[in-house]
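Once you scroll down, you'll see the structures, which are given as structure tokens.
Shared chain: chain A. Partners: chain B in the first complex, chain C in the second.
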Partner chain A sequence: MAGPLLDRVGHDARIVATYISLGVVNLVQYRSDFVLAVVNGLITLVTQLLALAVVFGQTSELGGWSRHDLLVLVGVHFLIGGLIGLVIRPSMETMMEGIRLGTFDFTLVKPADSQLLASVQVVRPPALVDVAIGVGVVVWGVGGRGGALSAGDVALFLLTLLCGTVTIYSFVLALSTMAFWFVRLDNVLAIFQSLFGQAGRWPVTIFPGWLRLLLTFAVPLAFAVTVPSEALTGRLDLATTLGAVALAAVFFAAARWFWFFALRRYTGASA
Partner chain B sequence: MAEQAVAGPTTAGRPDFSRVSWPALARYYRGEFSAATANNLAYRGAVAIWVVTTVIQPLVSIVVWRTVAGPGGQVSGYSSAEFVTYFAITMLVEHLTFIWLMWEFEYRIRTGSMSPLLLRPIHPIHKDVCDNLSYKVIGLLGVVPAMVLLVVGFGGDVSDIGVAQVLAFLLALLLAMALRFVLEWVLALSAFWLTKISALNNLYFSVFLFLGGSFAPLAVLPEAVRAVALVSPFPWMLAFPVEVAMGRRSGADVLVGYGVQLLWLGLALLLLRLVWRRAVRRYSAVGA
Partner chain C sequence: MTAITVDRLHKTYTVPEREGGLRAAVGSLVRRRTRQVRAVAEVSFEIDHGEVVGFLGPNGAGKTTTLKMLAGLLHPTSGEARVLGSTPWQRERSYLSRMALIMGQRNQLQWDIPVLDSYRLNQAVFRIPDAQFRSRLDELTELLELQALLRKPVRNLSLGERMKCEIAGSLLHAPQVLFLDEPTIGLDVAMQRRIRSFVADYNRRTGACVMLTSHYMADVEALCRRVIVIHHGRLLFDGGLTDLVHRFAAEKTITVELEESRADDADLARLVGGHPLERSATGISVRVPKAETARVAARLLAELPVVDLVVEEPPIESVIEQVFDAPEEQPSGQEVTGG
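Right, the complex of A and B next:
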């Protein structure tokens, strides 16, 4: 029984590898995009550091988070933002454009998992700049806090980071899937992008009750940014960790179900 | 209208818009405004979504600064309730002053859709003014209720706002709208020289975030940053009208503020003239 499954995973892995190498080829073609990504990344970084400086010019802690704790959070925010910009957002934008123009039909006739194809079809390597900045800021923040991280903390961080990425991916996929019904939906991603960019870089714990619930379960920023940051700042408890794993599983299953539900109702642009 | 059909009268290789009479311009404004409004109403879903995104930043700022101030506490003369009012009014001013053309010009030039705008016998800025005003009016239907919700929901302090403050605010707001439109339209013109404008735009918005007063009231910023802000045009496009509305500036202070706004507006118009002339001369249509 393991044979066919392994074959399928191998096949899927080859598809992902092909798209990544296509992305790298594109990068070599448009090298200036990379320089631009560095400049934009640095401007954003300086902006966020200045914002922290202004806030911590007036207080020594924000809802229990110190300056270096928030630095870690800013790093995680960069990291997740980079991962979203690397494949998730460009692929989803291409998919929605394809649904509008009718070219999505070509994706469907390819002999592979349609969700996988739609999700990895565009790889934009310049976003790796944000991932690199994120890693750097996380290291800076952790170093500034002092005290050593145990291997367990790092493992918990990686686990919650993975779960957060899966949750965010599933959320954005489900949002984009609605393009099967509402053709012009690119603006909805703008709301998500704005929420992620503005609200995502502060710990959700400072938001009042109803907003915190919204940012945890409706638009799952809490599990993507705050929870991995908690793992690195010694705040994470077992319940939250299990919650992160469970939420990732639920979001992924729901998004996949919704994907196939939408596909069954999809009639193509020409039909 | 017959002579306007003769497209693109030029002198010395650049468009000459001086032959448009005032009544013709007024007719153009009415027509373009109603066309833009019809368009905005047809795509009201898209407008609604953009309005939702304008609420997010002030909402986050309110949460952050309320947390910093704490219940009953103060930060540089702002209590929690005053932070709420500050950012709620900031949202209104931001909505009424912002323009999006610095993102659109790159597209216009890349796709060649700038060419027909230049061939019309009327300066392209008039079309942008109409489109902008129409969007602002429609957007108010969402922004004003959102502002009220923010103030009521977070317990904003509006006790200092009276008729005098509102009247003084309206003039400051109008000047801020004009100043920001002209200045950011000049920024948009940079697309005539640069093929990628995202870095310049990001830098501009990053500077505006702090010096304009949208991240925090100027009083909260470090002394040195505030000093820089006050000699820059940025606070006069956002923070100043908000402070006037909140009654934090009064009497001669307000009058001086109007003067500074007018001064910057004059400078911005001068800059517009200068840059526009060079930009058009530089322009070569896609495919030319």
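Right, the complex of A and C next:
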């Protein structure tokens, strides 16, 4: 049983590695995009810092979060946003276009996991700028808070970051999978992106209860951004950690089920 | 050895239907009316390893739907198919890694990256060992003259260059079954010929089974001894290309060379029974219904100073045209023969 499974994982890993290496090899093609990404990233960063300055000009904490705690959150928000922009969003956009134009057929006739192929088919390196900004801001925020992080904190952070990314990925995949029924669906991703950009950069704990529920389970931003930030700011408890793992598993399983459900009904763009 | 077995394959699409106008549009949001459209109906055939079969039919006949079912892209509504021992739509990796689908109107190479990078991706996906990848790539590069193209991004290639690269990319894993859907569409005549001879060569060298759809009869004539014709989703004919012409040609052309062209027009028209007639420098040619061929030929031989007389089948294009023009459910729809 373990043999074929390992074999599959090895195959999948090789495919992912090839896509990544192609993204790197073709970096030069993205030179101007990189410049744009830096400018865009810096503008977003300054706007967010200004917003924080306005808030903390009035108060010394927001729902229990200090200025530096929120800096960490802004950093995590950048980091996750960068990961989404690096591979998830461009791949999903390409997939939806492929469904519309019929080139998605070629993804399905390849002897590999169709969900994997669809999900990693475009790697857009300029998004690494956001990842780098995110890491920088997280380090800045953690440094500003004072007090050392234990290895356990960092491990919990990485674990919850992974779970958050998986949850967001599954959510976006499920949204994009609806393109099998509704041909023009690009707007759905735009709505998600703006929700992520606006609501995602605040701790969900400051929102009223109904909105918090919505942002946790319907559009799972809470576990993606707030929970990893909690790991770095000494707020994370065991229940939330387990919740993050469980939520990621449930979202992933559901998205994968939905994916294969949709494939069985795939009719393709006509000849 | 049979490579492809298709048994009463049937595919019905459910398509949304609404009338024009705002009211109907709003109505359809609330209650979607759908209609069943039959794309492929009870189609059965078998194809052996090493065969190249032309799959013909007018637009919308069900060719692409059939190919897509055989490539594993679509689940049929009913019926069975086995390709290389697998049921295609179960999409087993062992099947997909021995099959290739090439569509002339769609490209699978990544637009923004060099051709060679897309090939590397195929190498990873199809698990082609390095040594095999290199030797096959060298071979395909030579046969299709790809040397200058491999390092260019796909978007910088012409249509013909892109098609050559598409084909090479689809053959790196040495598929045993090839589904070619209009592989030469939009290409110039020289490039069409190149692709054609390459496909013939690939089939000869590897013994791969090829199913080809094309609107260019030259492709079919050059590559396929056997053709399968479907129309309105039904199998209309399965057999040799020459048999197809024989069976469906409604007319024959009689060309006669004359010693001297004395006969006047009225006389000739009477001789050929009023059928369309063309005069040439050396004689005449006339298109007559198949059943009257012998009678008209005999009359011409008896009454004119004939030097030579030739009876010909019409060109395949015009035969195919006649077949495709046939309305649905006419008697010839049941004329199905084993191939």
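As a convention for this text, the second predicted complex is superposed on the first by the 270 of 271 C-alpha atoms of A that agree within 3 Å, B and C clash if a C-alpha of one lies under 4 Å from a C-alpha of the other, contacts with A are read in each partner's own complex, and residues count from 1 in each chain.
In the analysis below, contacts are C-beta pairs under 8 Å (C-beta built on N, C-alpha and C of every residue); 3 or more make two chains touch, one makes a residue touch a chain.
The shown structure was predicted, so the numbers you read here are calculated from the model rather than taken from an experiment.
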**Message:** Taking chain A as the common reference, can chain B and chain C both be placed on it without clashing, or not? Answer clash or fit.
**Reply:** fit
**Message:** In the overlaid three-chain picture, which partner chain does A:Ala51 touch, first (chain B) or second (chain C), both, or neither?
**Reply:** first
**Request:** Figure out whether A:Leu22 sits in contact with chain B (first) or chain C (second), or with both, or with neither.
**Result:** second
**Message:** With both complexes superposed on chain A, which partner does A:Leu108 reach: first (chain B), second (chain C), both or neither?
**Reply:** second
**Prompt:** After the superposition on chain A, what angle is formed at the C-alpha centre of chain A by the C-alpha centres of chain B and chain C, rounded to the nearest 10 degrees?
**Reply:** 90
**Request:** For A:Leu62, decide between first (touching chain B), second (touching chain C), both and neither.
**Result:** first
**Prompt:** Looking at the superposed set of three chains, what is the minimum CA distance between chain B and chain C in Å?
**Reply:** 8
**Complete:** Where chain B and chain C land on the same part of chain A: residues none
**Complete:** Per the touch rule above, chain A residues touching chain C in the complex are 11, 14-15, 17-19, 22, 25-26, 29, 101-103, 105-106, 108-112, 117, 264, 266-268, 270-271
**Request:** Mind listing the chain C positions that touch chain A in their complex?
**Result:** 13, 59-60, 63-65, 68, 71-75, 91, 93-97, 99-101, 103, 105-108, 112-114, 117, 120-121, 123-127, 153, 181
**Prompt:** Which positions of chain A touch chain B when the two form their complex?
**Reply:** 32, 36, 39-40, 43-44, 46-47, 50-51, 53-55, 57-59, 62-63, 184, 187-188, 190-191, 194-195, 198-199, 202, 206-208, 211
**Prompt:** What does chain B use to touch chain A in their complex?
**Reply:** 45-46, 49-50, 52-53, 56-57, 59-60, 63-64, 67-68, 75-76, 196, 198-199, 202-203, 206, 209-210, 215-216, 220-222, 225
